[in-house]
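Each chain carries a letter (A, B and C) given by its place in the written order, and its residues are counted from 1.
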């Protein structure tokens, strides 16, 4: 039997209470600066629009490597995340940097296509140079109870990924309950996901702390059971520094510090980076910052 | 992946709540008849910060004459003013107190943490807001009491003597004073001797609220002061929260006096985790159940029953979660476990830990660092505990959890009820029919299903059996402060 | 029963078979284990009955029976308890002549006896109706400021020991036992020392009314002997007593503290005391919390 099918109930109110408690952690001074830099280094800078062009992607890649050059010693972001058609352009633009190229695939964002096309989509992205693949699960199949189909599909995409790391997007905004988020997470991890990811960014609500917490707990359980680590990527909706720090506290207290790096934790976000930069400069100068001083690629 | 091995990583910097805005006097007098007055005893006792062992202030010791003076002030206020006031006006006074607590919330929270050792997170997020909520809730009852008791005539009892413990000093004062005033009584309240400060701050605030003189009197002192209050012939009702031992003494000494009595006493609550529970939320419930307020909670979930099939799963998660608990300076906003309230209480807790070890139980404590000064106890749990172990039978009133396993529903109900106490219980299962089976059969005044240690002024609180009688809060709590005819 | 009504002819050819008045424990009618009795005589000195002087061991046995019966009695549906109590009223009504004869033998006038008998039947019918209503009337759903469903309901205290009103032979035993059992408690009652007979005959009513064994246990005997055991027994949850003098009240209160027993003292003839007050005086309030999924805006903190 698939591990996801064993009932693991979640109590939503209890989850929300736990999350509220993370937000009462007071993050000051050195902890704050370290946390903000860590968060910057965990960002998957993302553009996933119909109107994406090579120009837009190149500009974003430049930003990924040069977040705010007037502030010395800043890390780069973890990766840029683009459509398969933009992978080659991004790869070229990021040449020589440590920034990875992630590509969405598998009929993103709906996943409403055939397995053959999804595999082809994935292969195309990988062959174009993607280091990481962000796939979506088939929520339609999931909701009709075809858990084995969902599982098999992830296994097939994982195989198509080759060496690229696979992030599995559950699209938690379409899951309905935290029990389903847990079940889908367990299916994804069992099928070989390197990361589990909350959202495409196209559906609201995207990432929330409660959703992320239950996914982190599935990762923890998997680690307890097998000793193997799985990564986590909340995506969408995390646009300010304070919230990002709350997420990091949540990761630290739920999984431990081994997860506090971009090998195991990512933020899928586009506007978060500049907010973090503002906060870092504020910590340094003592003055509250204006958006005019931070580039918006 | 224990958090232990990575302690050197991303650590929380100290985040102390500022105490600059706090003004504390060197010496606090008795609050009688609307004024702060020196005690006839001319004696004062120190109140200390249990986290630093430093003296904060000194507090007047009320003797028999002082108690008498306070009761007389309460009687005069009852006869001449409070009982004659239109109920709507009474209500407005109580609302005022609620608002003043909210306005001075930060100050009250800081003092509470300094004087009692509880984490500022709890005094700020739980004690003080709930204290205000109690005044708010009960204020509205003052002119609606008739609706609560259909077919009855309701009237106040008169002068009420109230004795409260040190674990929730301001909150307990609110639990006691708010319904008493709403019902039309006047009050003489005695806080616990280790935690008098917030009650005296409340007295200041009651002055500011313009409450008629003598409606609330606050007298400070230890057991003897309490005895004088209990035995005063002109007190019509005693409300006591504290140990079962003292509660029994009070019941004995009020025998035949015609004084109404309500008691909220000790507990040894069962917190029951079934295999079909939401395990992570249950673990959080265990943490809230036993490590909230250093375990200084009468309804603490101190007996944990885990279904044997998930006991290792629960234990591992619990220990993992315990590692993220921060012990230390109660004024640090990140502190989860503050200081033990007093040296005496720490000795009691250590005595039980020693007994547990001597009983051959396996003990686990987190290895969080402990400050060199002050009174501290790391979060502690014992496994392989039997129902007959001392630590699963006696109230420890500290952060010490006794874990037992069970196999069937009937077995765990029998074990849960196998105690002279009956204040509270916790049940964790995803199955509704099982919850109702347990909540019906557990002999406890408060049953938390899939949650633990939640409090609300609208929710009646109080025990079965030796955990006392009478309820506080909600529509059912009003009766304790009313005569019905 | 050796009640000699004046109308009974002394020349009756058949000798009357007298009833032995025994006590009622666990659905059976034993004699007191002590073997002691007290003779109840009419004003003109004729023996009415030898009444058992129950001992502390009889009391202990009765409490054990009441404890054993309590949980399953509480688990009965309110509807079922209501029907059983109504059945008691039916069974009582049938025996009107018997009870009136007993009461008059113990010194009631015919009119007094008739009034008390009617009041007794009425009280039973009234209480029968309460069985499935008091929970509704005295429960509450409490609007707490968090995402929880919170409700409070009355629940029986458990085993109630009672000392019946002194002056009423039948009404008193009903007041002392029925409100307790309507609310799911089980009961051990000491009958009026002055007018004890009807209590025993009422036990016969109970025995034929589908009341499970042990739910009501009736003792006769001396208050002075038994009250301290009533007060101190650690397995009695509540004590209900009428017409207790002040020194006894002090004594009971003190002895009752060891298990924090709930105490209810009443006086005969208190017009403000309603049957429901007695019933509710023997109830605890239990409050249950459960989270509610997805109540937005409640906030998790306070």
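Definition applied: contacts are C-beta pairs under 8 Å (C-beta built on N, C-alpha and C of every residue); 3 or more make two chains touch, one makes a residue touch a chain.
All of these numbers come straight from a predicted model, not from anything done at the bench.
Novice: Which chain is the middle one, judged by CA centres?
Specialist: Going by the distance between chain centres and the overall C-alpha centre, it is B.
Novice: Please identify which chain has its centre, taken as the mean of its CA atoms, farthest from the centre of chain A.
Specialist: The chain lying farthest from chain A is C.
Novice: By number of C-beta pairs in contact, which chain pair leads?
Specialist: Counting C-beta pairs in contact for each chain pair, the top pair is B-C.
Novice: Taking each chain's centre as the mean of its CA atoms, how far is chain B from chain C in angstrom?
Specialist: Using C-alpha averages as centres, the distance is 37 Å.
Novice: Quick one: report the Å distance separating chain A from chain C, using the average Cα coordinate of each chain.
Specialist: 69
Novice: Give, as an integer number of Å, the spacing between the C-alpha centres of chain B and chain A.
Specialist: 44
Novice: Mark out which residues of chain A touch at least two other chains, giving numbers and ranges.
Specialist: Where chain A meets two or more other chains at a single residue, that happens at 11, 13-14, 17, 24.
Novice: Residues of chain B that touch two or more other chains: which are they?
Specialist: Expected reply: 125, 450-451.
Novice: So which bits of chain C are touching at least two other chains?
Specialist: Residues 148, 291, 301.
Novice: Can you list the residues on chain B that touch chain A in the complex?
Specialist: 1-3, 5-6, 9-15, 121, 125, 276-281, 284-285, 316, 320, 324, 332-334, 430, 450-451
Novice: Please name which positions on chain C make contact with chain B in the complex.
Specialist: That would be residues 71, 137, 140, 142-146, 148, 150, 152, 157-158, 237, 246-247, 249-254, 256-260, 262, 272, 274, 277, 284-291, 301-302 of chain C.
Novice: Where on chain B is chain C touching in the complex?
Specialist: Residue list for chain B touching chain C: 125-126, 129-130, 133, 150-151, 244, 247-248, 251-252, 254-256, 263, 265, 420, 435, 439, 441, 443-451, 454, 456, 458-462, 464-469, 471, 474-476, 484-485.
Novice: In their shared complex, at which residues does chain A touch chain C?
Specialist: Residue positions touching the partner: 11-14, 16-17, 19-21, 24, 177.
Novice: Can you list the residues on chain C that touch chain A in the complex?
Specialist: 147-148, 291-294, 299-301
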